[in-house]
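One chain, chain A, appears in both complexes that follow, with chain B as partner in the first and chain C in the second.
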Partner chain A sequence: MAKVQMPPRREMGVLLEIRNLKVEATVYSPGENPRDVTIVDGVSLALKRGKVLGLIGESGAGKSTIGLSSMGYGRGGVRITGGEVLLNGRDILKGGVQGLRRVRGSEVCYVAQSAAAAFNPAHRLMGQVVEAALLHGTATKAEAEKRAVALFTKLRLPDPKSIGYRYPHQVSGGQLQRVMTAMALCSEPDLIVFDEPTTALDVTTQIEVLAAIKDAIRDNGVAALYITHDLAVVTQVSDEIIVLRDGKMVEHGETRQIIEAPRMDYTKALVSVRSIEHEEKEPTPKPLLSVRNVTAAYGGGAVKVLQDVSVDVHSGQTLAVVGESGSGKSTLARVITGLLPPIAGSITFASRTLARRLADRSRDDLRELQMIYQMADVAMNPRQTVGTIIGRPLEFYFGMRGRERDKRVAELLDEIEMGKGFIDRYPAELSGGQKQRVCIARALAAKPKLIICDEVTSALDPLVADGILKLLLRLQKIEDVGYLFITHDLATVKAIADSIAVMYRGEVVRHGSKTQVLTPPFDAYTDLLLSSVPEMEVGWLESAIKGRRMESAGN
Partner chain B sequence: MLNFKRIPLGAWIGLILTGLLMICALLAPWIAPYGNGEIVGDVWEPMSWTHWLGTDNLGRDLLSRMLYGARITIFISAMATALSFSLGAMLGFMAAVVGGLLDMLMSRIVDLLMAIPTLIFGLVVLSVLPANNLTLILVMGILSSTRVYRLSSAVAADINAMDFVEAARLRGERLGWIIFREILPNALSPLVAELGLRFIFSVLFLSALSYLGLGVQPPEADWGGMVMENKDGIVFGIPAALIPAAAIAALAISVNLVADWVLTRTTSFKGGRD
Partner chain C sequence: MLVNSPLVRLIAQRVGLGILLLFAVSGLIFAGTQILPGDVAQSILGQAATPEAVANLRRELGLNDPAIVRYFQWLGGVITGDLGTALTTRQEITVTLMPRLWNTLFLAFWAAVVSIPLAIMLGLLAVRYRNGPIDKAISGFALASISLPEFFIGYLLILFLAVKLQWFPSISTVYDGIPFVEKLKAIVLPVIALVLSVLAHMMRMTRAAILNVMQSAYIETAELKGLSALDIIRKHAFPNAIAPIINVVMLNMAYLVVGVVVVEVIFVYPGMGQYLVDHVVKRDVPVVQAVGLIFAAVYIGLNIVADVAAILANPRLRHPK
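Moving on to the complex of A and B:
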């Protein structure tokens, strides 16, 4: 007897419908029996034609997994074990491999986070952009290439007629991301999955890519799933937002409702992130660290990366150094720490002139100037326990041993809001936020006067980053330590800085107290930088694009 | 710390075999039924209750020879491997951490040594130097340390670029701490894997040298030398040459089984407690 199948409930214009999606993976940890973990549990959503749905959540929330499931794909051994994925009214999970092949690249396309890693470096861009259209036979080569050029023009790529004949390494990251969007649009799909397409880009570039993507979506009438962890970004492009946490749906609503009137506590926490109260301090008469007219270069003077840079950090205060990638912020940190001896200029620290080379500095110079890194996992030796990592500076600088050292380590763990139980753990047994906390404790153990923080929160989820920033501010009050805070994130700067230095192409273009720097009139670059920071406000993108005075460097 | 229930089967086989061979080597003078060089029977007698493994090409008891041979084979190979590892790894790490001129100088010298085929180089050096076990160990150790140097300097160069090494340097740590506490624990996995292989290569190299008459000098013999002594018997269907050969194979496999197991423990980032 033929099974009577209920006709699928066809709402007008529903393109994608996911019902009770369940995704599982098998974890093989050494020494244990393999076990199944549920990555996505019972998520349902519906997407109408031409609409954009934002999926937002922290890392591990399952947002990419849900996005890829709309193509029937499970990344890295992940299995879709339950639910239905209806695309154009058909359940694509039941179509078998052949059915999936027909869907992928013609009805659904995918834009990956790292365009640089997603393009084949050995082929020209054009061949890769038109590949899907040719494969599915939706267009001849000439038609597809014509369409690609039209898309390049629409996405505001420079020189649209010939950019397709370049190789991926010959265009910048922001441009490559736009080429990938063109690739997704070229086979005229019904749905595009954007997986964090602007996360790896600088703010000034991000806004342009975002605007281009938004226009292209609107003009081509495709629907899109937009996956990101940045609520401000998703606000600009999507009509609806789904907030995810640990593979479950937390809240689903119109963009405006989520931003302005969130219902769930978790969404409220996400929306209110970066609302740190910090009172700006007056500069002291004598700066703690004073960098004067420093010029530095790589390759024996061939490539100048810092030119005539002067900044001051005051005791117990925070100087934020901002700029896009390649502006020389991290090089400044290397020069101050002595890893890269400058070719001109001087550095004064605590009324002493610092030696240029690391090897010539005294132990006290080294002790009082500590550093915290962006990637906490590579900044700690994976073979040392937390106790050794934090305890080593105590041994090294203060000669503490045995019980005395362990007692101090426990105190430090307490200060960073972690318990004594962590003392025997290895870095692999810590979460991302905990790792960064241990790095902070290691820096504090040396009783420094200044800590250089190199992008310390940019690899962390917003809520975790928030916790780290609050911790840093609290520690500053207790220990009276100065921070030189390197970041590209202006929201962070506004939250914690006392003074700001804006860097552009190796030069400091603006330097002063926070109020001075953030008060108009601005120079052209500061204006561009400030106007590029996405705000959690519907319609911000359009007004920001209109008000811009200068093009970004496109790094 | 060590949970016996968690040792996999392969490792057990390796551990038991290696342990057995080690015991044989250590207790050879006490458990061997006859003396090492004593002629006790006819040439190439078959296996019997008096001579468990038969006799060799001169009528010596093969079992006794095997036991004494285990002693000398394992001792010389182990010492040579230890020397090559301590020397090669130390210099390799130093080259990677210090870099610059020192790295250049040492690497080119190593290149020079590696450019000459090891066996020929060994033959030339050994024919000049007095033939005893100490020179044998030194020559074998130094020659195979070039391979270890290459491996460890490549591994250390990668680790040296990590932020935690930079952090140690910024703290003002000396070379010793950076090499032994920051780099060595992280370089251990490839080195342990290499250790198992290198030990076996040492056994084979020693055998080759003995075969050519420049290795262990008669009347003592290592297993490789015994293969050589008895090889003519194979033509007459006498298995005397196969027994030391099988012993070499057993040693090779069991040592590598143990090395594999150690490897899975050292690759764990959680101190082996999972």
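Moving on to the complex of A and C:
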């Protein structure tokens, strides 16, 4: 096994200094004149060699923009309009295009959120991994490839000698993320910008990638900017943290100080997110929805995606279905809604047996079983106003027209805490959280008995997601509606569930009340899942890795 | 192993469908020529012919058999390489047609050799300097050239390059045993006319296909490695845009063979186009059928090549999990 060569440049001192950074972009909103908006304003920071600085904040806080400015790069028409970016003592913004090209890929490298999209599908991995090193002449082809193999080994990739000869689509998402880290390390940069490198991964895979990244940073003595919205993740890897909001710096401190003794209110809110109090309810004698021994498959029975699945949802209660991507959670929703007729098993809903196929179900079956989706913006017609979107189920199920319908739409908008001022707005004019609220109102308009929520908070920032969960719980109390809540986020589960079903490879491996499911002894998979959720605690990662009983499926 | 690979299956499927399509087209061509107005025997003998003479000729030509019988007789001949006999000249079509097909392919080949690399290069340059003066100049020139009808371009070329400057002959005469250089010189003007008529389409599609790929995250990765703009387009964007580019290139290649009629007539070039036009005028049905079938075969064949090339360009199909 080849050893990664330690570069002889561990001299201390400041590597990167950003002074008074200002970044602007021109926005073209429909029906308005183009205008300039400031994305980052007056941000200054300094990073010492070999140290890791975490940049955290919600979407739109300017994290990625600041990270990319250290490479002199503005994504999608974003312009750096003020300030200095000093790297190794010189301002890279003054070096022109050629100067920037010399910095990128040699002094600073970038690891993107979605490695699956960031690798060129037309080329083998190895060529892409060594490309920057060859371009900047830091190594010969043979040296660079040897180094790449050593890095693959270091990052615990399977088959380190041959994995480089595969194409991106032949490697799983978690592995690709590690290959991308190897790609960044291969040209031996002074600084790596990690832009949400584990956000797109399953929780059990995230922990492995996180540990690999952390080791690689430490052993290579490289400095890093670690961008994420997840405080628990950033706690594990960084020495210092900068909290950002709306392009401005909120707080800067040592990691321990930020999470244990935050000074600013906004930081406190971030740290204490998931403060939802929810009292677990006893199951009712007769479940509202009862899925019995359901087996479902794609391709005419060729690929079994659900095996003998049984779950219950009770009126006015929440069943959380948890599992990794590919575990069959969303397929279960498709089967319940009739989009994918099961090949065996039965579904009982409100004391009647549901037809297998959507086309055979009555209008009341459709009305009483509603759905809310992960991507609120694509679940709405962008050319319809909020009023039309929410009014549609009122017309369709209840035949409401004119003033009667408008009155009910206004009531629903009040219920989702938005008010009737939104009635004439288009989806594009709403924030992510507001869009999801409109989708909730649309589901409620049908007066359903059960709402299937498919990862409804996954695309939202933590504080916004919190608001949505609180709203859902409040509405459940008022409307006595049951939720089947599909999620991969265990913190959400703990916050809102009454009962839990844990899914793994198309089967339910654990099902019961929240207390039962979350109380040991655990089965191996539930244990892995629970122990993989990052905690806001310095040193959690090392102890969690040590205590693991099984490897993740690696999706 | 090889037989089970999805790649082989996909390609076999494309080729099979192509052959099926060709049979369908042969039926259409035959049906189409049957419903053409006019009577071949009548047009051969002229208006003054006696009804008996016309009836005799009809019998002799086998025109009294039911259409379906004649179709299968014709199809059987085609499959064995016999395209039948021209009604007007009584010559075997295969013998007359081959040199002309060869001439047309010769013309199309040189037009392709010039236009394809030129179109792709201009497309790459247009992307490199997108929305700038170079891009606008390339697009403007290409669109102007496609907006002018071929015959107009042809006559402009003759007027300036042949009549005024006298660089090239205005009539593309080629004959058996013509020296190669002379032959090339003879086809310069028609090649230019053809290139101008296919260039814009290929260039614009190359530009659009690459621009589409330029939005991808892996292009950003390449930029952040410090690659130059042209390297990014060449190494990272082009390989992923190859499938749509191949498609449009093949479509235009097919046009070079099939759509060459006007250009051949203008430059009096002895190719398939002229041959077809001559015999349509004379209502020589077997020749029209033969040429139509060859054009269809070229068209379908090139489209199969495009499909197969697009399949081969996809690493997911070449290297399954």
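As a convention for this text, the second predicted complex is superposed on the first by the 538 of 555 C-alpha atoms of A that agree within 3 Å, B and C clash if a C-alpha of one lies under 4 Å from a C-alpha of the other, contacts with A are read in each partner's own complex, and residues count from 1 in each chain.
Criterion: contacts are C-beta pairs under 8 Å (C-beta built on N, C-alpha and C of every residue); 3 or more make two chains touch, one makes a residue touch a chain.
All values derive from a computational prediction rather than experimental measurement.
Undergrad: Should chain B and chain C be called a clash or a fit once both complexes are overlaid on chain A?
TA: fit
Undergrad: A:37 in the overlay: touching chain B, chain C, both, or neither? Say first, second, both or neither.
TA: After superposition on chain A, A:37 lies in contact with neither partner.
Undergrad: Just checking: does A:27 make contact with chain B only, chain C only, both, or neither of them? Give me first, second, both or neither.
TA: Neither partner.
Undergrad: State whether A:261 touches chain B only (first), chain C only (second), both chains, or neither.
TA: neither
Undergrad: For A:463 in the superposed arrangement: first (chain B), second (chain C), both or neither?
TA: After superposition on chain A, A:463 lies in contact with neither partner.
Undergrad: Is A:373 in contact with chain B, with chain C, with both, or with neither (first, second, both, neither)?
TA: In the superposition, A:373 touches chain B alone.
Undergrad: For A:303, is the partner it touches chain B (first), chain C (second), both, or none of the two (neither)?
TA: neither
Undergrad: Answer with first, second, both or neither: which of chain B and chain C does A:381 touch in the superposed model?
TA: First partner only, chain B.
Undergrad: Quick one: is A:524 in contact with chain B, with chain C, with both, or with neither? Answer first, second, both or neither.
TA: Neither partner.
Undergrad: For the overlay built on chain A, what is the smallest gap between any CA atom of chain B and any CA atom of chain C, in Å?
TA: Least C-alpha distance after superposition: 8 Å.
Undergrad: For a test of understanding, state which residues of chain B touch chain A in their complex under the given definition.
TA: Those in contact with chain A are residues 6, 162-164, 166-167, 169-173, 181-182, 185-186, 264, 268-271, 274.
Undergrad: Write out the stretch or stretches of chain A touching chain B in their complex.
TA: Interface residues on the chain A side: 29-32, 337-339, 358, 361, 363, 366-367, 370-371, 373, 375, 378-385, 392-393, 396, 426-429, 442, 446.
Undergrad: Can you list the chain C residues touching chain A in their complex?
TA: 216-218, 220-228, 236, 239-240, 313, 315-316, 319, 321
Undergrad: Within their complex, state which residues of chain A touch chain C.
TA: Residue positions touching the partner: 68, 71, 73, 75, 100-106, 109-110, 112, 114, 117-123, 128, 131-132, 135-136, 166-167, 169-170.
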